[in-house]
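Heads up, the next two complexes both have chain A, just with different partners, chain B and then chain C.
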Partner chain A sequence: MAEFPKTAECIVIGGGIIGASIAYELTKVNFGKVVILEKNTVSSGSTGRCGGGIRAQWSTPENVRLAMESVKRFRELEGELGTDTEYEEGGYLILAHSDEELSQFRKNVEMQKKHGLQVELLSPEEAKKVVPLLNTEKITGATWCSTDGSINPFLINFAYMKKALEQGASLYERTEVLSIDKEGSKITGVVTPKGVISCPVIVNAAGGYAGTVASKARIELPLVPHRHEILATEQINRFFKNMIMSFEHNIYFRQVKDGGIVGGQTNPGEPPGTSVVSGISFIKEMSVKLGHFIPALGDVKILRQWAGLYCMSPDAQPILGRVEGTQGYFHACGFSGHGLMLAPRVSVLMAKAISDTSFHDPDLDRLGLDRFEKGIASFEKSVV
Partner chain B sequence: MKDLKIICRCQDVTEEEIVDAIRKYGLKSVDEVKRVTRAGMGHCQGKTCRKLVEQLLFKVNGFWPDPEEQSTSRPPLKSLPIKLVAASEEDFDAVVARGRGGQHG
Partner chain C sequence: MKRQTDIAVIGGGPAGLSAAVEASSFGLKIEVFDDNFTPGGQLIKQTHKFFGSKKHLCGYRGMDISKILLQNCASAGVTINTEACVTGIYGNILAVLYPERFEEVESKAFVVATGASENCINFVNNDLPGIYGAGAIQTLMNVFGVVPAKKVLMIGSGNIGLIVSYQLLQAGVKVAAVIEALPNVGGYLVHSAKLRRMGVPIYTRRTITKAEGDGNTGVNSAVTSQIDPNFNVIEGTEIQFDVDCICLAVGLTPLSDVLELAGCRMKYIPELGGKVALHDEYMKTTRDNVFLCGDVSGIEEAVTASLEGKLAGLSAALYLSHEYREKIEKSRLQILEELRIFRDGPFGEKARKGNEKLVREYKYER
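Up next is the complex of A and B:
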């Protein structure tokens, strides 16, 4: 193990998909010495606990654009990173349960189509054609986008990290940031149990702990982490490739490549916090819902359940870019449960913003921290 | 057909795959191996292969995994059919009436 560094050009805090992808994009443009600090190990936080879904069917234009550009990047990444990531465009089927919800979906589809997304409204009968075993009893319609899909979160996270390291970045795991040093309004370095690193630029990519990290730089972020549970079943013959989602009935699930069903919900009344323990109510409620939507799953066994953190922002959209008044501080956090699917585009934008302070991008600018003072432009409604 | 030593029977992961992953990514704990190779994610939840993975970590790294970094065991203890679990809960309408919750309002 090389000696712990004393200086760096940029410190990325967090070894999840956001930190790894930003480190990769920075080394790709030869930014200089990039050091990644990870409190635990690569992919041990939200990335390694997520459902692996990728979708561009959002209700805000910012999320649609970021997601669509990310899909373009996902298509290139296996070749670029040289690792299989199980990326697959199996589609997303999003279910509507009332006429009111269907009219919201109609608006979403219209906006998404303006951005060039191939998305369509389906009748319950057409939804049943996508997944013949789906119970369409309480469904008034659905939306379908065939270019949505999924990926193995671990594999893409490790692939980004490995390539970043090959391109000159260095990674220190089990290394928590204790404090962040500033001189006036300028970032000057970070303190860890292994030593102090002098550095003019830091990137907060700390997922569920982004608020804690920001507070060390005396920046207050309006983020609320909370536990989000998920389960996986045994492997069975694959009978659908797409994600099935219902906002109204609070569930998402898909059948992963190896045949297991993976799905989750947002627990009613879940309090804020960083606990990731598993609970019994969750598998009971999920079992009822899975059995309702696909009655044929009744005999399939649940193998395991776990939990991760959603780091919610006030409008359920990420907080990106620089912060007025603190030179050298950047963040990409508050993804509200959707960091993996937005990471490929966000990391490209972040690397550009970090290496060129005059860089501007409409989405990056609109998703800055200052939007909460200026007034939020749009609120993301399509979340589970 | 793999003619190699199977370490994780449930997920069909070989010794070679695990050793390669430890070397490729510099892995030091059973959970890291689990994330990269899926060893320990199947029916037995690592009850069979956990000790073997620890031995492979020692073999490659020259040191044992940190005892403070015990692999996480996931519930349920034994795999359970969806309909059996569902039978211990109220019906669908009652469950979804509990709402979205969390921070979504």
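Up next is the complex of A and C:
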């Protein structure tokens, strides 16, 4: 094994989808020596624990734009990275349970359409046509976007990482960043148990641990990690390809390519923290919910359950880009549970911002840390 | 209000039943949860006698040992729940799925004795009807009295492969051959010699590459090939066996999901058959109230499973009450010594090494 590096041009902290995609985009434009430090293993954090959904149906324009641009990238990525990622545009069906919710959906659809998203409002009958086994009894309507879809989180994470390494990046797993060195306001390097690396640029892509990493550079981030639980059932004949979501019932689920149902919910009253222990109430509640939405799932067995972290920001939108007053520090964190689906676009923007200090992009600028001082423009409401 | 117990034992095989009996001597409420119709684990299908002393219930047939253990449970006041499939340990709650209902049982301590699952190997058409694990063949023949096939090819010459081959012959089923990938027969000489006397050939350095047949009528033949020291198939060495059943006796993997879900630290230890929960020599995991014993702590056999069960039962009792500390500690040392003697010798070497690794890791974690 190569000797632990003493210097680098850029250190990416985190080997999840965000860290891997940024390392890939940086090495693609020949940024220089990129080192990825991962405290556990690649995809062991939020990426490898997520549901794999990809959607552009958001309530804030920033999220819609980032997601739509990401979908364009997802279409190119299998070819570009040379790996099957199980990317599929199976659509997202988001259910409304009241007239009030439906009118919010109407507003969302209007805004999303302005950005060019092919999205439509469906009646309960039309929703049933998308998934014939869906129980539409208490549904007032739904939104449908056929270009939303899903991907295998591990495969896309590994694919980005593999290509980044081929392009010259180096990866160190089980290597936690102990502290971040600064001289005045400039980043000068990081300290790990394996050695010290001098480096003028670091990227905080540490997912659920982004707040801890930032504090090592004496930057305070308004991020709170929360445990989110998820389960997978046994394989059954595939009868729908889309994601089904309900904000009212706090649930999302889809049938993955091999036939298993994968779905999760937000546990009400979940305290902040980095615990990823599995709970029994989750299994009980999900069993009831899945059986309610698709009665035919009643006898399907749950194979396993696990949990991961949503790193929530105050407006449920990511915190991106540079930081005023700390030269060489960048962040791409606080994705609030939606890092995978925004990664392809965010990584392109981040690579540009890192390699060109004069680069500006309206979304990147609007999603900077300073928005919490200036005043938040919009809150993302469409979160499960 | 949830049902409450002091110690919940998950799995009613030799390990779990021994743990339950041992822990019951200290005035504690013990319940066993077993997912089968009949408790006893693998013992209920074992028609052969065990080697060893009567003290360790050897000299009896496996199915009779399970009867003795169940009688001991009954006289000790242990409750045994059957068709009770444990789906998880969540904090102090045991989740139990019965055929028609779901129950949560609150317990102060847990002994996990879930055993193991049978391994499968890769070959073409390995999902055809007529391909069984050795445990399934034993269940069909010895528990339900069903003749599984007319002619069987046995894959694997460990003790299970050899014994099940012999039992098949006893049931009037033909055994075409036993196939072994390694250069030597894995099981005891006494078992392989019996088979050879009955005219069953044992081929070493050979593996199955393909099953033939169809999805409706099942297997009708098996293709095997010789393999080189790197386990690569040697072309031109095929032997085809016309059989209607292929029996896989290719090892076991600890069934440790419940321990992982309970939050115990896990470690992959090849000598023990897969992922196991780290534990100390007294069978305590990294969770203070969760103990384990039997194959789930590493693949061995019924006598060591039973001894480990006693250790786990004693440790769980000690965790709940210090009243009998001296007595329990003395008994535990005695059992440890018995275990050491049992694992002494070439057949116990793997388990010995694996367990040493495990205890070392456990101490490091602490």
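Operating definition for what follows: the second predicted complex is superposed on the first by the 384 of 384 C-alpha atoms of A that agree within 3 Å, B and C clash if a C-alpha of one lies under 4 Å from a C-alpha of the other, contacts with A are read in each partner's own complex, and residues count from 1 in each chain.
Please note the rule applied: a residue touches a chain if its C-beta (ideal position, glycine included) is under 8 Å from a C-beta of that chain, and two chains touch if they have at least 3 such contacts.
Model, not experiment: these values are computed from the prediction.
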(request) With the two complexes superposed on chain A, say which partner A:V224 touches: chain B (first), chain C (second), both, or neither. (result) first
(request) In the overlay, answer first, second, both or neither for which of chain B and chain C A:S278 touches. (result) both
(message) Is A:P5 touching anything from chain B or chain C once the two structures are fitted on A? First, second, both or neither.
(response) neither
(request) Return first, second, both or neither, reflecting whether A:G168 touches chain B, chain C, both chains, or no partner chain. (result) neither
(request) Considering only the touch criterion stated at the top, classify A:P200 as touching first (chain B), second (chain C), both, or neither. (result) neither
(message) In the superposed model, which partner reaches more residues of chain A, chain B or chain C?
(response) B
(message) Between chain B and chain C, whom does A:V42 touch in the aligned arrangement: first, second, both, or neither?
(response) first
(message) Identify the residues of chain A that lie in both the chain B contact region and the chain C contact region.
(response) 278, 283-284, 302, 304-305
(message) For a test of understanding, state which residues of chain A touch chain C in their complex under the given definition.
(response) 277-280, 283-284, 302, 304-305
(message) Could you list, by residue number, the parts of chain B that touch chain A in their complex?
(response) 11, 24-25, 28-29, 31-32, 35-36, 38, 41-43, 45, 72, 74-76, 79-83, 85-86, 88-92, 95-96, 98-104
(message) Help me check something: in the complex, which residues belonging to chain A touch chain B?
(response) 41-44, 48, 154-155, 158, 161-162, 224, 226, 228, 232-234, 247-250, 258, 266-270, 272, 278, 283-285, 287-292, 297-306, 310, 312, 316, 383
(message) Per the contact definition, I'd like the list of chain C residues that touch chain A in the complex.
(response) 87-88, 90, 93, 95, 102, 104, 257, 261, 263
